[in-house]
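My structure is below; once you've seen it, I'll send some questions.
Think of it as A, B, C, D and E in the order they're written, each chain with its own count starting at 1.
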């Protein structure tokens, strides 16, 4: 079984999700099965995590021919880059089944499909396979928002779907362009992601492909100014969907950049990464400032998530090992912190019957456990040392300072911006005098406390003792960066770099 | 004897058509019996075709028919698609005609005749044979379109189709004449030889003749600006007929289109520039028409234009016959599966007299008939080209083929077009799922349409896993 | 490493464990009826006491070592190791950190004791001690950290606790806003700090990002980067230590319980900036320009805060401004490279300011949360212990000769003069006079004269012993701490400075005896003038004057807060709101909206083209044919 | 001269097209299409004469057959249309549009 | 010389008939004009030595098909007021001509490249019934066969569309 562990992780939930949709199983039955399956995925994930040797290459590889004529394979594997995204998915999904009583059994089925697809997208080592899972990922999201979302769910669904599909289709063209270029340059058809790194790309179409691919990821992440789908979708989606969207799907966008753009488009990256780095920091500030203007706390968290995604993405474009490791670390850190903040927001919404910040107050008095957990997640999201959020943010800022001082300064602004809206929101919701809605606010039950506790503990452990996690990431990041620098910098030297404000620190 | 075997599917369909026609002469035959007959004919032809797949070109009865018909993997696979389309059309028709009472017994005979014409068209290696085959299938389909005589919409569709079809036929005849004048033959092989020997642009008769023939073919595949009829005709025709037209007809015409365009490489190369723009405009015109539609059938018709555009992309970006043919066939099959499924599902969901026609009529379908809605969703996803459906693989191959042929711009535009197409495909999904039901969606029960839908849903996924055979 | 020991980590860990245990206990029990306070009190004291003991152990351990080799380290575990970056969760006990360690644990413990009395009967008693323990743990991490990054953990940790404790009475919006303000302003500083760290790392940190390695590599710093690092780190310090321009949070921070103000906002946390600069003495000393900036910012802050302090009427606000002012002195000291003097002032200040706050706490406690000095008066008779201890504190703060504040402050002013900064010295002397003035203004108004508010006066009484004993202990410290570092002129030999010297890199100018005498004299004169004016005006009862003109301006803090609000906070929030209302829907989303409009209108056009007339369709065909023919005839040979 | 025949054929062909695009009377339109086919036939025969092969004759016969078949259907349609609307205006049939 | 003269006469008649077809308001007049064109064409066929087609054109086209058309026109009894109002059709003629000019020019350019072969009558049975028939049944067997299917379809179609059946509801 364990030689096919990745396939099990992909197809078990995927198949179960589809089957359960068709079979007349009761809602609770589906929930229990879903929980069991997500726990199995988690166990598999842990097994992978433990057995992962961290050598920088793909492990747990499975490769089977699919379309021989074009060199398309069913090819999956895990390396340090995918491991953490994979783990984020594996760890967080069981919570959905544990915590949320959905309105319909189909909701759980969709969740399972989303789980399978997300795992698939992360472990895919073949361009076509990646794309397939990448798109499948969106389908359950589409239905979950559209069927079970808030009042303006349809508009939100249309927006997220069309927006992200537009990006993905552009990526499809880029993927094919890569494979065809590979065929043209080597004479052999292949869609294997790792092989694309050898491509020598230049010219207008290479740039177009780069742009197309970046468009897909920039929308998914989302980078400013492609973020406008996000507040609508995040706030209208059912809480657990938002949780999945922000905690995992957005991260897969970043993962995609690391996996597909950085090693392949070295020259383009070297030349244009600075633009995206600026987009990252602009988004970080713009969305961070936008967050403070929100009245709806789910929207506020949505903007906060977008703001953090800005800095996470920034880490990729700085192209040094600290920033990249920071990004990968932050992927998990942010998944746990902002992810469960969304879950908490869901609890607030459910128990307070409102999403308006002004309707709340004094929740901390009636729900101390809830408030404490919320505070821990919030502080992690603000990047307080001792929580997981700090490690990643620091590494990214460190990398950014090396890359470009101005970018570094702007990135460091996250320290201030993040804390502004979070404290404001915490003050209005948890402190001050209780309102009618919150006077009898129910605290977390023992069960809920137990479910959340591991994540809270994880947040702290990852902040206090991050090295074991970093050790799994770093070799792969190192490998990526070395590859990037050795092939990217000569290309940059030949070209005239884009003139943008650039302060070097090695005067 | 092998020649006979190669011809057998065509003969089965032809003979079946004639038998069905004779059957229609008996007044007291049940319509359903004819339907079963039609299904049997197509199934048999399909099985025989499948069993007789061969590699390499064979001129069927080369002596007797003077090498006017060829049978190779390409034509055989197109044959498979056509017979399968016929089979599923018969299947959904039986359901459809339980709720709509204008069926005539000749319906199935005409379907078979049309399929006969299509098979001939794909195998034709000579212009006038192709012309006659084209007319056979056109005439049969004209009649199928106008089958509901008392319905003024059907008659209008018939008028538009017949008039413009005959008009296009005039172009074909003139084009054939000019090519005959230029090459002193209407055989593809000879024409190809003449073009190869003398150059395309240096032989104006051939060039202009091929222009006129292309116009006729572009009309048949509904390429811009020869597309306008398709929306109205699909709208006016009965649902199963529309499905048949959209799939089998398109497959046959595209197969012939490919054969004609490929009769010499110079011919194709000379037309690439024009076909490029036509393909682009076709994709976008189709999309933009579809966006504004409220009627489902019209939307599907317009989306058919878009898919013609994608198929034209495959024709423009011809890398090698093997590869591009496979891509073309795969896409045709992919498109056929989804479209047939769609029309099949609509055949029984639209109810009596096709009373559910517009998007709004399908509001909340998923709440009442979840399986039907799911099936329609699957077909829509396939048409939209989203994984893991066969439509996605088809589109993937088209794009691979296009970029491989260094038509990267065209591939990019095809992608942009499919972005636009999401709008209207998703609109139906949204309508079905995200609104409350206002209709009970009660329909006459019939085992065939659901069965047919189910098979096609399975096909949508199963074909996606099939590797592309080059 | 031979200097490696294994108990350093325990020093911060003890209070941290205490914090977690108390916090969990409180969290899970508070709604079902809180546990008796004595459990919490007991638990809360374990950590600080153990830490104090361990601190002494470290102190004696160091003392037993050779003077130049007084370094103890402990690498608990590898914290972050990425590429060139290797950071251990490491702790370092050298003379500097041990000195800090000693008074932090000591004063921390005392204030814990005091709080047991002060917080008795409060809601969320357990939470308070959890936070307090957490604070102590964080502060100890800050102090003991072996490198800047670990220090940052403590740095931010104390910031967090500061926030939590300021907004401890969280039902009142103003308290929470004060907490928010503290955290956010601190974060602005932290932003500078982290940027400074990053620059420092890329400049010289790649061979090891701990103080010892950095110190070895400090000579590799280029001037530009070095200056930038110094200034950025100092930005961090201005945040934490409430210097211009980030001082605004500290007065508001008085919203927290008074022991908190004593511990965090007077004795320990706010001095972290000074400690940090002293820690980086090996860098600052290379860049006198940066030092000058630090010194001037410091002394100007001292001046500004002193001005504010003279016109405040809230007893805690006065103390807060005095704290800012004293912190200004400390920065002036470290700015002129007199690190040991700065640290020594930190040390003495910790005693007397903690004492003053606790004394003020006693007063407030006695008067049932009355904080307006104009509503106090004549408490001398009612609260003798408080009165006498406060007097010691005030004398120390005002710089009365023979009290601790005098020695440390005088040392700073002298060294500033000696280092060639007469301006700083001059301002310092003026500020010293002002300090004496506002300190005794407060003192006289509170304890002398007649009671201005009879009702609360009637109920006032000496607080319980658990509160008075800490006062006495601190008073002893405040009075005598100065003798630990007696300069030569008073017959001492600078014990503390010598103790600190292995940790610091300083070379201050030698001013000679006459200069030193001049400085001492000036300080004494300044003290005398200040206290004289105060006595004249308030010595024997006074009525609250009308605030007008400059006094009103100063009472309103030069409107700096309002200015900040108008220039920074309001635009920031306004931008947020306008993004929600306008920028996002109509600006950033414009491309989406335009696309939709474009599609819709094109769709409408194409629908219109589907005219429905068969002849029109035929015309389209002919148009197509015609166009193709037109182009085709161009290519035909 | 053969070219003259072909020019005539083209002229007739174009007149046929013109008839289709300019007339609303269904009958006239169908007859215009017949005219186009006739023009094609003329071209077939002219080329046949040019090449002195008789293939063109056979082709022309085929076209005639097609024309006849189309005519049969066209007339059936005309009758249907007349039944529906009582007139033969192609513009009268514009239910399907947009 | 005579052939040339005849060509021009027939050509003139054919064009005149064609123009008559598209210009005539009533389809009856148009049909008559078309008959004239067809007869003129048959004359041209004869000039092109296409003996069999000459006959077929007269019998099948001018005779059978056109008779049928005329019959239907009369059968439907189309009166003047049934005819569509086509007031703006001159505009369409004009526009159509403009559109068709490039098409016609292109086509004419193409045929102008042909060698100037005189259209003398070819002897030796060229275009005779026997010769064409032999060709039809040997070389062109397949098209001939499938034309039968075409006609069958047309037959069935006409019946389905125009015939009276019980299933019409």
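Structural remarks
Rule of thumb we're sticking to: a residue touches a chain if its C-beta (ideal position, glycine included) is under 8 Å from a C-beta of that chain, and two chains touch if they have at least 3 such contacts.
Just so it is clear, the model here is predicted, and its values are computed rather than measured.
Common neighbours of chain C and chain E (chains touching each): B, D. The minimal number of chain-to-chain contact steps leading from chain B to chain D is 1. Comparing chain C-alpha centroids with the centroid of the full set of protein C-alpha atoms picks out A as the closest. Contact tally for D-E versus B-E: the pair with more C-beta pairs in contact is D-E.
Rounded to whole angstrom units, the spacing between the C-alpha centres of chain A and chain D is 64. Centroid to centroid, with C-alpha atoms defining each point, chain B and chain C lie 77 Å apart. Between the CA-based centres of chain C and chain D the separation comes to 96 Å, rounded to the whole angstrom.
The mean-CA centres of chain A and chain E are about 70 angstrom from one another, to the nearest whole unit. Residues of chain C in contact with at least two other chains: 607, 610, 612, 614, 618-619, 622-623, 625, 629, 632, 636. Chain D has residues 6, 13, 16-17, 20-24, 29-30, 41, 46, 48, 50, 55-56, 62, 65-66, 69-70, 73, 77, 80, 90-91, 93-98 in contact with two or more other chains. The multi-chain contact residues of chain A, meaning those touching 2 or more other chains, do not exist; every residue touches at most one other chain. The full set of touching chain pairs reads A-B, A-C, B-C, B-D, B-E, C-D, C-E, D-E.
Remark: chain D residues 6, 9, 13, 16-17, 20, 26, 29-30, 33, 36-37, 39-41, 43-44, 46-48, 50-51, 53, 55-56, 59, 62-63, 65-66, 69-70, 73-74, 77, 80-81, 84-85, 90, 93-98 touch chain B in the complex.
Interface of chain B with chain D (complex): residues 128, 131-132, 135, 139, 142-143, 146, 149, 152-153, 155-160, 162-163, 166-167, 169-171, 173-174, 176-178, 180-181, 184-186, 231-232, 235-236, 292-293, 298.
Remark: chain A residues 159, 163, 224-225, 227-229, 231, 286, 289-295, 320-322, 325-326, 362, 364-366, 368-369, 372, 379, 384-386, 390-391, 394-395, 397-398, 400-402, 405, 408-409, 412-413, 415-416, 419-421, 423-424, 427, 430-433, 443, 464-467, 470-471, 474, 477-478, 505-507 touch chain C in the complex. By the touch rule above, chain D contacts chain E in their complex via residues 1-8, 10-19, 21-25, 27-28, 30-32, 34-35, 38, 41-42, 45-46, 48-50, 52, 54-58, 60-62, 64-73, 75-80, 82, 86-92. Considering their complex, residues 599-600, 602-607, 609-610, 612, 614, 616-618, 620-621, 623-625, 628-629, 631-632, 635-637 of chain C touch chain B.
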